[in-house]
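Sharing a structure below in C-alpha cells format, with a few things to ask.
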C-alpha cells in the first residue's frame, strides 16, 4: 500500500531508505538518530527528499522524476507526533475536529475520549494527550497513519493504557499504519511488518516474525528481545482457570487471560529466553506448555548462551540456553526434545491480536 | 544518613512523606504525579515544605520548628535533573567544573567523559548529556546525590550505556543516593532501599528485597515486576561455560556472565514469573538451577495467577503459577517442591552488585 | 487641574484618542504582516525592510514629519496619487495625524509582534498542515491565536506611543483645533501662553492615565490569555 | 549632501555619537536591573514602576524635557543633590544630553531585556544553585550570558532612539554647539531657515547610516550568539 | 472654517481675536514650520509669521496674495532675569557680572527668529564675541523663557511680550530698536483664502484688533510708528 524509496542528505547524515508497507502496522525500528523521524516526515511531506518516490496505493505523494511533491495538506497522512502537538488554545473537542469529523463517534468511543472533550490540552496527562492526538489524526480521514514513538514519553502504566487502543485501531481501521518505535515488545505486539534502520539505511525488513528471529538482527534488538512470533488460533477458553487455549501447527498452548474470540487469529511472541528445553517429558511441573520439537540449528553466541532453532510442526521457535546446559544435554541438530514454555512468562504486551 | 519527614500542600496535591535513606541507593518509586520530584526538590532546597524536617547525618537542612532552611547553595545536594539542565553556553568542561573540581580525574574517568570535554551540550546525545550532568553533580563534592529519573528520557541502548556508571558510583562513592525512577528493573538493580509513593504518601518503604516481595506492593509495581531480591556470594566461576556460581542460604545458583570477584556479595533479583515449580526433581532439562524449597504462602490474585511464597534456606523466593497448575500439582503450604530457575532468564539488569 | 481644561482641550483629548485608536488599528495588520515577513521569510531586501521599519525610531520626529509632508502632501508623490485616485487627502487632516502616529508607533509594534511570532512552535503549524488545513486557515486558527498576547503588547505600546507623538504630527498636519490638534500639540500651545501650566498638567495627567490604563489592561489580558493556555 | 556639512555639523555628529553611546552604556545596567525586577520579582508598586518606565514613551518629549529640568536642573530636587554631593552638573552639559537620551531610550531597553529574562529557563539557575553558586555568580555566569542577545537588542534599540532624540534634549540642555548640539537639534535649526535642506539631508543620511549599522551589527551578533548555543 | 497658521508667540492675542469670530481656528507652530507647511499646500487661509524672510519665500513661490502682505505688529527684544534680579547695563561689564558663570538663554541664533534678532543685537553692542560661548540656544523663545523662570540661566533674551507671561522673571534691560532688524509680524492671505478670511485679516489690522495685540504687549507695526 505504502511505497517508500527516497534519498536525502541532512548535513552529515545521509538517509537512503526503500521499503514497502502493506496494510496493517509497519514498525520502523532503530536507535536514536537512525533516521526514523526523517522517514515519517518525508512521508507526511514535512521533509522534502532529494530523490526517489513515495506513493500510497496509486496516489503518488512525491516523485522526483515527475516533479510531483504534494503539500502536506493534500497527502492525507494522519501524523501522530511524538510530542502530541495538541493545539494549546483549543479544547479537546476542537482539537479533535480540527482536521475533520470522520467517523467521529466511533473514534471518540474507541479511544475513550468522551470525558475529555471539554478539557484543555494543558490539563491532560501524557497518555490522554497521545490519545487525543491519535483521535485527531484519525478524524481527518487519513489514507495512512504515521505514529512517531507515540508511547516513548510515557511511563509503563500509561503505555499499558494506550496500547490496547492502538491494537483496536489496527484491527478496526483498514489503513496502513507506520509506527516508529524503539521498543521491541511494542513492535512485536503491534507490527505485521518490521523495517529496521541503522544510520539512515534499511538493514532488515519483512514480516515481523521473520525479522525478529533472524540471528543477524539479534544485536540490533538486544539479546533479551530475540524470540519467535507465531500466528495461532484461539481454540478454547478454560473459564475456571482464566486461561485461553491456542493452537498452532506445533500443538496447543495455554495462556493466562482472555485473548480474543473463539476462532480468532492471534500472534504470540515467545522470547527465546523463556523457553526451557528438556530431553525427557517433564512431570509434575508448573509450566503448562510442553511441546515436542526438533532442533534445526545451534548457534554459538559471543556470550555464554547458545541459540537453539526449533521446529514445532511447521513453525519456528527460538530458545536460548547456556553452553553448559547444551553440553550436558548433548543437544544436536535433528534431535527431538521437549520445549517447556511457562504460561505466565508471556506477559500481556507480548500477545498481539 | 538522610532523614526526610515533611508535609507540603501544592494546590490540590498534598505531600506527606517520611522516610530514612541509609548509605547506598534509596529508590523513590511511584507513578507520574505521585510526588517524587517534589520530594527531591524539597531535599535539594528548591521547594520549601510547610512543615517537618530534613537532615543529612547531623546536618539539618530544613527544620520548621527551629526555623532552619538552608539555601540550596549550602545544602551540598548533588542534583541530577531529569532534563540534564546543562548550561548551553558553556563547554562540557566548564559545565563539569562549575560546582567544583572534587575528584575530577576520577569522575571524568569513571563516567567516560574524557572525549567530550571540549564539546558543547547541544551537540551531545541524550546519554552523554546525562553523564555530564552526573559528573557535574559529583564534582561539586555533594554530601548526598539526588537523581530524578536520570534515564527516563533515554532509549534502551542509552540506558544500558549509563546504568553501569551509576552502579560503579554506588560502589565507589560513599554518599547516600536518592534515585527517582518508575522502572522496577532499574530500581531492583541499583537500590538498597526502596520508598514507594502514591498520591503524595509513602505506601511502602524498606530494604528493596523486602518491599519488592510484599504482596500488597505487587499492584503498585505491575504484576510482571514482582519478585524476590536475594543477597548472594560469588562462589566460583565456570570459565569454560562463561557462568558464575553464586551461593546463598538456599543452595547454589549458576548465572551466565562474569558477576563480580570471588567472595563478593551480589544481589540477584528473581522475578516471580521466571520460577517454575515441580513436584519431582526434573531431569534432562536445560534450566541449570533447581532448588529444593518449601511453600510458605499461596495467594490467589485477581487474574489467573497464584503467587507462591517459597522458603529456600533462610531466604524468601516468590513464584507465580497459573491456578490450573496449582490445582493439578496440588500445591499446599508446607509442601516441599522444586523451584526451577532458568539461568538465562535473569537478564543482566536484574543482577546487582 | 482637570477643571482648567476648556472645550479646545477636551476636543484635543477626544481627537487624540481617535487618532491613537485609528492609528493602532490600521497599523496593526501591516505590522503583523511585516513582523511575519521578518520573522519567517528570507528574501532579498529583508534587512532593508528591517531598517526601513526602524527608521522612525532613529530620525528626529520633525524629520519624519517633513518626509511625510513631502511624500503625502498634495504635491507629494504618494499624496497626489491618493488624491487623484481615491480622493483622499491626508495632509492637515486628522487622518494624517493618524498616519504620522501610526508610522512613529510602527517599529515598536513590529518588534513586539515579531518576537511573539518567533516564539511560536512551528511544530503546531506542521501538525495543522498534516490535518489538511490551508495556509490561511492555519494562520487564522493556530498562529494568530497563539501570538495574540504579543499582538496585544505591540498594540498597546503603539497606542501609548501614538498618544504621545508630537514632532511628526505637528509638522505633517499642523495643530488645527478640532481637526489635527492632539493632546501633545495642545500642550505645546498651552506652554506658549501665560498661566497655561494648570491645563498642561491636566492634559499630561490625562494622557498618562490613558496610556497607563491601556498598559495595565494589556498586562492583565496577557496574563489571562496565558492562563487559558494552561501555562 | 555630505559636503554641505560644516564644522558645526561635524561637531554635532561627533557629539551625538558620544551622547548616544554614553546614554546607552550608562542606562544599560539600570535597564537590566529594572527589567529583572519587573520580570522576576513581585513587590508592591511593581505596576507603578512599570508605568513609570513607560512614561517617556507616552509623554510628549518636551514635557519629559521640562520634567527633567524640574528634577535635574540646578534648582531641581535631584540636580541640587547631585551638585552638592558629587559636584555633577547636568544642565547645559553633554552629560545632560546623555541623561535625556537615556531616559527616552529607557522604556525600549527595558522591554527588550525583560522579554529575554522571561525567556530564561529558571531550571538552569536552580541547577547552578544546587551546585553551590552564589546569587551573584549565577547572575554573572548563567543568567547574564543567556540574556546577552536580548541586552544587545535593547542596547541597539536604545542607541538608535538616543541618536534621534530631540525634544527632551533641547528643552533640558539647549543646543550649545560642541556641547549639547546633537544631530537632531542641528537638523531642527537647519529646517527653520529657508534653503537648509542640503545640510539636513546630509545629517539625516549620517544618522540613518549610524543607526542602521548598529542594528545590522546587533542582528548579526545575535545570530552568532544563538549559533554558539547550538540552536 | 477660516484656518489661520500663526507663529506660536502670537497665541495669546490671536486666540482672543479668533474668539470674536465663530469659525476661525488657529494652528500655532514655529514660523519656519508654518512656512514650509504653507508651501506644500496647507489648507491655511491666513498666515501670521514672526519672520519676514519666510514671507518673501512664500510670496516668490506664489503661495500668498502679494497685495495682502502687511505688517500687523512689532515687538521689542528684552533681557530678562529672575524676579529678584537687578537691572543690567548692556555692556561688557554689566553683562558678565550679571551672568557670572551662568549662561544666557536664547532661541537658536541661526534659525529661531528671536535667536536671530538676539544675535544681531549682541553684535551691534559688541558683546557677541564675549557672550556667544555662554549662550544656551533652545528651540523656541518660550523654552528660553522657561530656562530663566526655572533659574537655570541667570539671563535670557526674549520678546517683550514673553516676559509678561510669568512672574518668575523680570525685564532687566531693553535692547534699543536700532541694534537689530525690526521685529516685524507679517501676515498675508494665502492663494486659496476666501472672503471670511479677508474679514478676519482686516479685523486684526483694525483698531479693535490692534487694541487686543497692544493689550498683550505687542507694539504697533513699524509703518504705524
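Note that the chains take the letters A, B, C, D and E in the order they are written out, and that residue 1 is the start of every chain.
Heads up, the rule we're going with is that a contact is a pair of C-beta atoms (placed from the backbone, for glycine too) under 8 Å apart; a residue touches a chain by one contact, two chains touch by 3 or more.
Composition by chain, UniProt nomenclature: A, B = Molybdate transport system ATP-binding protein; C, D = Molybdenum transport system permease.
Because the structure is predicted, anything quoted here is derived from the model rather than measured.
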{"item": "Intersection of contact partners for chain A and chain E", "value": "C"}
{"item": "Chain located farthest away, centre of chain C as origin (C-alpha)", "value": "B"}
{"item": "Whole-Å separation of chain centres (CA-atom averages), chain C against chain E", "value": "35"}
{"item": "Rounded Å distance between chain A and chain D, as computed from the means of their C-alpha atoms", "value": "61"}
{"item": "Whole-Å separation of chain centres (CA-atom averages), chain B against chain E", "value": "90"}
{"item": "Touching two or more other chains - residue numbers and ranges from chain D", "value": "66, 167, 188, 191"}
{"item": "Junction residues of chain E, two or more chains touched", "value": "33, 36, 146"}
{"item": "Interchain contacts (touch definition) - all pairs", "value": "A-B, A-C, B-D, C-D, C-E, D-E"}
{"item": "Contact footprint of chain A on chain B as seen in their complex", "value": "31-33, 125-126, 152, 155-158, 160, 182-183, 222-224, 238, 240-243, 254, 256-257, 273-274, 276-280, 282-288, 303-305, 319-327, 329, 340, 342-345, 347"}
{"item": "Chain C - residues contacting chain E, complex", "value": "62, 66, 69-70, 73-76, 91-92, 170-171, 174-181, 188-189, 191-195"}
{"item": "In the complex with chain C, residue positions of chain E that touch it", "value": "3, 5, 8-9, 11-12, 15, 25-29, 33-34, 36-37, 40-44, 142, 146, 164-166"}
{"item": "Contact set on chain D toward chain C in their complex", "value": "47, 50-51, 54-55, 57-63, 66, 108, 111-112, 115, 119, 157, 160-161, 163-167, 183-184, 187-188, 191, 200, 204, 207-208, 211-212, 215-216, 219"}
{"item": "Residue numbers on chain C that touch chain A, as the complex places them", "value": "121, 123-124, 126-134, 141-142, 145-146, 228-231"}
